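Both of the next two complexes hold chain A, though its partner changes from chain B to chain C.
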Partner chain A sequence: MNRPNREILQKAILYVLIAIVLSIMLLPIVWMGLTAFKSERDVLSIPPKIVFTPTIENFNYVFEKSNIIKGLVNSLIVSIAVIVITVPVGMFAAYSLARYNIGGGHLAFYILTIKMFPPIAAVIPYFVIFRNIGLLDNVISLILLNSLFNLPFTTWLLISFIREIPVDLEEAAMISGATRFEAFREIILPLLRPALAVTAIFAGIFTWNEFLFAFVLSRTEAITITRVMAGFFTERGILWGPLSSCALIATAPMFMLALATQKYIVRGLTLGAVK
Partner chain B sequence: MLNDINLEINDSEFFCLLGPSGAGKTTLLRIIAGVEAPTSGEVYFDDKLMNDIPPKDRNVSMMFQSYALFPHMTVFDNMAYPLRKRKMDEQEIRKIVESIADTLRIKHLLNRLPKQLSGGERQRVALGRALVIKPDVLLLDEPLTNLDAKLRVEMRAEFKRLSKELKTTIIYATPDQAEAMSVADRIAVMNLGVVQQVGSPDELYYTPKNIFVGVFVGSPAMNIIDCTFVESGDEACLDAGEFKYRLTKSMAEMIKDKTSSRELILGIRPEDITVSKEPREGMLMLEVFAYEAVKPDAIIDLKVGNKLVKALAPEWLVLNPGDKVWCGFNKFHIFDKRTGEILICGVKTHG
Partner chain C sequence: MTTEKMKSAERKLALLMLMPAIVLVFGLTLFPLFSAIYYGLTDLDLSNPLSGRFLGSFNYYRLLTTDSDFHQASMRSILFTIGCIAIQLPLGIGVGILLNQPLKGQRIYRAVITLPLVAAPVAMGQIWRIMYHYEFGIIKYLFELIFGWSPNWTADPNIALISIIIYDTWQWTPFIALIILAGLQALPTEPFESARVYGASSLQIFRYITLPMLRPYIGLALIFRLIDTLRTWDPIWAITQGGPGQATETLSFYLYRVGLKQFFVGYACAASLIFLYAVIVLCSITLRRLRL
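Showing the complex of A and B:
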């Protein structure tokens, strides 16, 4: 086989492999998208129907029978609040850890271990605590918990980003007459903007998707969109149609956000890969 | 890490910190600048104690090896930064920045971002930023290291000229001995955090205090030959295996005064070895190992036992490996092998 042909064959195989992997990964999403528009009969039919008459009865059901609006609003509140808390706090923590190495590595490690802690082990104790102080079924408890568990992540991500900025720059600023804070505000911060955006997006998405705490700690007032979706698993069985519509609505904002910021996200994911 | 440094630098002096990587030059500069605190000891500017004074109040400027230009600011803003921090009037700032940019020939780049500049241009912007405030002390950390060889030599002359114009005290760190020797008034040679010797370029070259300074300063480097101090009765000599050098009584006394060790080092610079194709009385016969046809003086590698010694030969003397030549040592130094310290400097001989 001569060169050009072999290259074409290699490319073809590569594309086929990618197509297979993509199909497997996208299958549930596509299925969800289709199911959202199927009538109850079509949903459960075997073999699954690809061609069908779309209907919006599921969406109607969702808006009438479930608390989707409240769920969306609460999810939004919690996500934004968590971003507002974890990103600035993470940034200052990351700066002191990256530049001063506060705690000589121990503190940094401690923060990392919080991330390793399995949330499910924390759920029961936190449930009891929040119940005792009357914060059950309150978005505040969700904000607090999500902030706690996202803070190590934002801190660590920002430490990597800050380490990319040479210390020389702050020193040059300080020798030129800036205080440390001015050096931070005028030199580091502008350079850190993309990093802060990425960190905020990740923290936001993690919180938006969070299910365990939302499920355990909310009843009627603090329900998030994830909780609302759980409501479609009833004693009568799983309401696939409405569930899919709800899921579609729930994932739409995050999907569009990720699409709009994909350049930043890729950078965040590959950070540290080439060093 | 630095160890017990005691340096006094004079006003308006061009003072060099010379040493290999890891010698502590950058650390010392940073301590003077105030971005790093010494674990013990004091820093004085004239008679003022500076230890607790933050960098911004010390009226020093520093030019970093990496240039440390603010990537998100234009050249103008980079250079204006120190002036803006001093709350100067914008008109004034513009005048000063433009004037310095003019001197450094970067006026046409004022609106560019650092990433749009070449290495040489960035270097001049960094220098400009250091000069705008007319500092008491100008600190330069290996400013020429990242430039190509030709530009480096050009900039060396620029620095020398600038230093005469400016009258600020300049402290300049470099690992390049030729650079230091050509620009500095005085040099502190450093190694592993310790100052080996402080002196003018001439002092360091002609009267090195120890082996490190002897070898580090001067190119090609000083040759190091192991020898033993041997005394038999009234006679004393340095036995280097391949040859012996007879010592005068006073020299022998000097050596015995300074050290009890018998293991010594004979340090001889390539330029102090004469090489001749004709056999001469009293000269040492050595075999040529290699001949490097560098201009203007060729470097000859001579075999002394199983070691090599470098000598310089004028361009008309062409040699081949295997040739036999007769060498004389015009001037050498004697060092104590154990401590590295100088014992006798500049022993002049007639072969």
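Showing the complex of A and C:
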């Protein structure tokens, strides 16, 4: 085979491989979208239908029969509260740890070990504690636990962003008479704004998607969107159609946020370790 | 202001900035940790108000010697973790390299494989449950179409754990691929050029240059996957609820069943402390061996 032909063949193989990978990645997401608009008969059809008459009966069911509105509102409240708590707390901690290295790295590592903490191991004693003080089925308990489990992520991610800002900038400001805190407020904070936005979006996505705490700690009042999704198991069996439309409503906004912050997704998921 | 004074003022500011994080972290971890240590020494059972008697180390003794559910759940966690990592790491490296090829539409490919990473596992898990369904599932249908036969993905106790591993591979291979891609794009080009000049084959270049230089990135992917697979809970709940029987009951799910379904909190706390200890030891050893 001559050289140009061989290169064309190589390219073709690569495109085929990419197509396979992308189809596998997209199949469950597409299937969710299709099932959400299928009538019950089409959901149960054998073989599975790809062409069918779309219906919004599943969405009607979800909005009439389940407390999805409450779930969406609660998920929004918990996510925003977690952002409001962890981003500033993480930012101050990150600045302090990045610039002073207090505790010689041990403190930063202790914060990181929370990431290793299996949530199920934390939620059992918390279940007893919240039960004793009457915080079960209360968004406050969800806000507290999600804040704790998101703090390592916000702190470490922001440490990595702050380390990219040269110390000289603050030192120059301090030589011209500013205090350290003024230097932080006037110089670091404006530079850090995009990083804070990225951190906030990720903390929001993680909290929105969280299920274990919501499942164990909420029943009706503090029900979140992921918890609503667990409610389609009835005596009649699993309501596949409504379940899919609920899943679509829950995941679609996260897909959009992810596409907006796509550049940072690896950085976010690796706590800033990989740029 | 003298430098001494300035130094001490700076120290105070540094501590002040750390305070909220310290309060949040210690306040929210130490209390439940000590509670768990205490409960673990009792027979606390939330469905029995007379329980809560002090047992000493009896729970630990039972867990480590006679509780075969606990031993099997531990084995399943190990199997699940090894299975996930053994499949996802090579696949992720492959996809990462694939995405690094000079092809058209790079940004779109990257965007698409980002999607599984931000989808709620409980939502996607339930969608996979539909796709795995033994009557109308699309995966079952495709399998029958291609191989003429399909396993019963969620109801066969020999297959169910594999089904969860396949789900996890779908969701997390992109994560490894994106780390590898970031690594590949950060590598210097000179070693590759000189290797080509000296006539190395593509395979040799991959084996002796690319792979060693990617080592820190592979290590990072490994440690993050290790932490996350050990704690996996949501998709197991969504796809099999630990069943059929106890075929997909990993340690995380065992703790949920014993502590929060049967309400044997004392016993579950003892088990969760063993689990926590094992996770921290395992992660520390891995971190040290990888020298990250």
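Everything that follows uses one rule, which is that the second predicted complex is superposed on the first by the 254 of 275 C-alpha atoms of A that agree within 3 Å, B and C clash if a C-alpha of one lies under 4 Å from a C-alpha of the other, contacts with A are read in each partner's own complex, and residues count from 1 in each chain.
Simple rule for what comes next: contacts are C-beta pairs under 8 Å (C-beta built on N, C-alpha and C of every residue); 3 or more make two chains touch, one makes a residue touch a chain.
Just so you know, these numbers come straight off a predicted model, no measurement behind them.
Participant: In the overlaid three-chain picture, which partner chain does A:178 touch, first (chain B) or second (chain C), both, or neither?
Facilitator: So A:178 only meets chain B here.
Participant: Regarding the shared-chain residue A:11, is it in contact with chain B (first), chain C (second), both, or neither?
Facilitator: second
Participant: For A:129, using the defined touch cut-off, is the partner it touches chain B, chain C, both, or neither? Pick first, second, both or neither.
Facilitator: It touches chain C, and chain B stays clear.
Participant: Between chain C and chain B, which one touches more residues of chain A when both complexes sit on the common chain A?
Facilitator: Touching more residues of chain A than the other partner does is C.
Participant: Is A:35 in contact with chain B, with chain C, with both, or with neither (first, second, both, neither)?
Facilitator: A:35 contacts chain C only, not chain B.
Participant: Is A:89 touching anything from chain B or chain C once the two structures are fitted on A? First, second, both or neither.
Facilitator: In the superposition, A:89 contacts chain C only.
Participant: Going by the contact rule set out at the top, does A:250 touch chain B (first), chain C (second), both, or neither?
Facilitator: A:250 contacts chain C only, not chain B.
Participant: Within the complex, which stretch of chain A touches chain B?
Facilitator: 166, 168-169, 171-179, 182, 187, 190-191
Participant: In their shared complex, at which residues does chain C touch chain A?
Facilitator: Checking each residue of chain C against chain A gives 9-11, 13-15, 17-18, 20-22, 24-25, 28-29, 31-33, 35-36, 39, 44, 46, 95, 98-99, 101, 103, 109-124, 126-131, 135-138, 141, 170, 174-175, 178-179, 181-183, 186, 217, 220, 224, 227, 230-231, 233-234, 237, 251-252, 255-256, 259-260, 265, 268-269, 272-273, 275-276, 279-280, 283, 292.
Participant: Flag every residue of chain A that touches chain C in the complex, lowest number first.
Facilitator: 11, 14-15, 17-18, 21-22, 24-29, 31-32, 35, 43-48, 85, 88-90, 92-93, 95-97, 99-100, 102, 107, 110-111, 113-129, 131, 144-145, 147-148, 151, 155, 180-181, 205, 208-209, 211-212, 215-216, 226, 229-230, 238, 240, 243-244, 246-247, 250-251, 254-255, 257-259, 262, 265-266, 269-270, 273-275
Participant: Could you please specify the touching residues of chain B with respect to chain A in the complex?
Facilitator: 30, 33-35, 54-56, 60-62, 64, 66, 68, 70-72, 81-82, 85-86, 129, 133
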